[in-house]
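We call the chains A, B and C, going by the order they appear; numbering starts again at 1 in every chain.
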Amino acid sequence: MSFSTNMRFKFPILAIVLQIVIIILFGVFVKYDTHDHSGPHNSTHEDNTFLNLYPLFQDVHVMIFVGFGFLMTFLKRYGFSSVGINLLIAAFGLQWGILMQGLWHLHGGKIEIGILKMINADFSTATVLISFGAVLGKTSPVQMLLMAIIEITIFACNEHLAGYLGASDTGASMTIHAFGAYFGLAAAAVLYRPGLKNGHENEGSVYHSDLFAMIGTLFLWMFWPSFNSAIADPGLNQEMAIVNTYFSLAACVLTAFAISSLVEHKGKLDMMFSNYARCCSGCNTGDLCCWRSSHRFISKVTNLGTTT
Amino acid sequence: MSFSTNMRFKFPILAIVLQIVIIILFGVFVKYDTHDHSGPHNSTHEDNTFLNLYPLFQDVHVMIFVGFGFLMTFLKRYGFSSVGINLLIAAFGLQWGILMQGLWHLHGGKIEIGILKMINADFSTATVLISFGAVLGKTSPVQMLLMAIIEITIFACNEHLAGYLGASDTGASMTIHAFGAYFGLAAAAVLYRPGLKNGHENEGSVYHSDLFAMIGTLFLWMFWPSFNSAIADPGLNQEMAIVNTYFSLAACVLTAFAISSLVEHKGKLDMMFSNYARCCSGCNTGDLCCWRSSHRFISKVTNLGTTT
Amino acid sequence: MSFSTNMRFKFPILAIVLQIVIIILFGVFVKYDTHDHSGPHNSTHEDNTFLNLYPLFQDVHVMIFVGFGFLMTFLKRYGFSSVGINLLIAAFGLQWGILMQGLWHLHGGKIEIGILKMINADFSTATVLISFGAVLGKTSPVQMLLMAIIEITIFACNEHLAGYLGASDTGASMTIHAFGAYFGLAAAAVLYRPGLKNGHENEGSVYHSDLFAMIGTLFLWMFWPSFNSAIADPGLNQEMAIVNTYFSLAACVLTAFAISSLVEHKGKLDMMFSNYARCCSGCNTGDLCCWRSSHRFISKVTNLGTTT
């Protein structure tokens, strides 16, 4: 078996083995969360919990697959792989996330799947997708799958540890955003080769690619209130999270365009900064605003230096 | 009147006549479904039925108009007509579907329109849009309208017959997917001309077109849980349909990318296979998985052979 | 300070000053609408009001930012600025709209923010975005911000006046659509220069731009039922608004394609007319159908004459 043949079979074998392992683990550990429906009298209320949160789940789902997927399409050579590999990682990550997060919260030895578990599964993929931004174009699908396994496992432990310590981490600023950013930068540092320093010719952007990237940016920006509120306590807390995120997103757009116009050559507006607007709006809870947006700027400087 | 003038007026006259016929039939047969609101006491619960299902309806709506619309845009010459004619067929089809499906379920000689009827109307257009994939570039708007009339009429009869026979067809695998696929193949066979055999120069794909097609694929993939659950029985059945579809979609992505990597030249990932991932995920109900996805592969081989 | 330096700093300073003014006014006048949650017994019902309307709000949100954003991308030079400046104006406009609309409905000297206020804030930006279509490519970001301030202030007064006079304006046909169209035409007339008469070379359209514009058109078309029903009275009225808009949208597509085919050179279908389909479907309330769609046709003739 030659080396290239070996390479060719590595990815499909890894993907299929992982999927078989996940199916077995699901068979052993996973069951439906049916106890919402045990009482005959409160069926209306409890049914509403699932269907009331389902639109917020779908907003998060769109952010993960369309938002993150199209965010990186402005790189002219990686547009298609950005969307495709994003789909691959997220589809694997949400299954792995269910298992890793669920193992910390077993009920009678089982992981009970409901709408909140599905939202959390989508959240756990966000960590890997943030890191993906720092290593795009430097990694193979095999490496991305391995990175997803490691990163989501550590993320689930971090999240459990934060809950154990009683740390306040609303919106998962630390466990998802800061962790994803630094994990990605660390991975990029390990994969760094001196020959890549002066920028890769594949990293330029083209006009239409920017419009595709705007699709990703806009869906991330619009549905951010759903992301911040989906797993909040029901009632007033959830509504306040939605209202706060809505207005801070709007305020950050004006600030971001102003700074973009000051910093950029000839006062042009740069699309990257509208993404900054989304990130910065995370600071409605007062914690870690700078950390949260920093991963975009850092990845812009380190990875995307040739596109401005 | 010359032949070309004749051709020019054929489509607008057919479209306007069809619309007038539909408006008359709506005037005679259709009324609002108001009996949810007859009781003064249960208004809260019943209001929720409409608004609780409305987000699922909008997900299906996005699948029909954005999902199917952009699915075919990878053909470089048919991108725009794919989206435009998809809009035309679906807008006609949902009105025709209301009438054809409603005639089998009259209440006092009237079709009562509520959220479930609107979801079913969107469903009935899916049949035609699946067939559309097999005849894209071979048909005129006039032919497509005629095909929609015939196909939706037969679909409504099939669906009623399946209900009459007590056939289990969860997710409408037979009545929508298999029927749409084979109807489309039959239509393509009738329209087949030997000169087209070696592939049409209009059928190549270009880079940006693929990204547009990913928009369609992703919206179909993401909202598939809504499609499978929208008309399920409320409560646990609906939730199980959502959960099952969510995980089988994710599992199928890994499998599809693995097979794509094995089959394709140089192990590249092919976008078509991510669409296969969506189709195959329909098999969570255990029935007709292969039939359901086969229409994509068959149409790939017969229609899109030059794009790979 | 040279002229060009002056120009460069004008926009960022205006944007930041406006944002600071808004933050101060929010601090003085705005508070959460918490009285839904004052009663301990009806919490389930009242929570549902926010979450039941939240999906409709997100549909409107997508219309404002993706729908209007991508509507104008068919102009080959303005695609990116269309999406970007649309984001800027809407993000400013929704904050300004909260203040201008809220000042007419103070509760104890405060503006109480809930889901209906957020939907109305998105609505008030629609006025400016409709006018935006008439002046695209003729204005700077500074001029657009000033236009947004003036137009939203007048819009809020008009809306209050219409309510005071008891005028029926369902779907806001007059206060949003007709007002936005004529304000934009007036602004375009003021900015008119004879040298621009024969069409601007930047105004041509290209193939891929049209597909981006279809994204905007489709999202506006699909979510129009949410736009028309979001602030309607709960229950049957809201459901009738959804059902009516759904079917009139579908009917208008057939009519629009028929007219497009008659009018256009060689019977080709023109994308602009599918947008007309959306506008005309607003006439389900019987009032001002022509006014409502006229702004598209007028702007087509005056501004976009070179694209057909």
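Just so it is clear, a contact is a pair of C-beta atoms (placed from the backbone, for glycine too) under 8 Å apart; a residue touches a chain by one contact, two chains touch by 3 or more.
Because the structure is predicted, anything quoted here is derived from the model rather than measured.
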When subunit A is superposed on subunit B by its C-alpha atoms, the rotation angle in degrees, nearest 5: 120
Homomeric contact subunit B-subunit C: same or different residue positions, threshold half: different
Length of the line joining the C-alpha centres of subunit B and subunit C, rounded to whole Å: 30
Residue numbers of subunit A (touch at least two other chains): 48, 52, 55, 208, 215
Complex contacts: residues of subunit B adjacent to subunit C: 7-9, 11-13, 15-16, 18-19, 22-23, 26, 32, 34, 37, 43-44, 47-48, 50-52, 54-55, 58, 61-62, 65-66, 69, 73, 79-81, 83-85, 87-88, 91-92, 94-95, 113-115, 118, 141, 208, 212, 215
In the complex, subunit A residues that touch subunit C: 45, 48, 52-53, 55-56, 59, 207-208, 210-211, 214-215, 218-219, 221-223, 226, 234-236, 238-240, 242-243, 246-247, 249-251, 253-255, 257-259, 261-262, 266-267, 269, 271, 274, 277
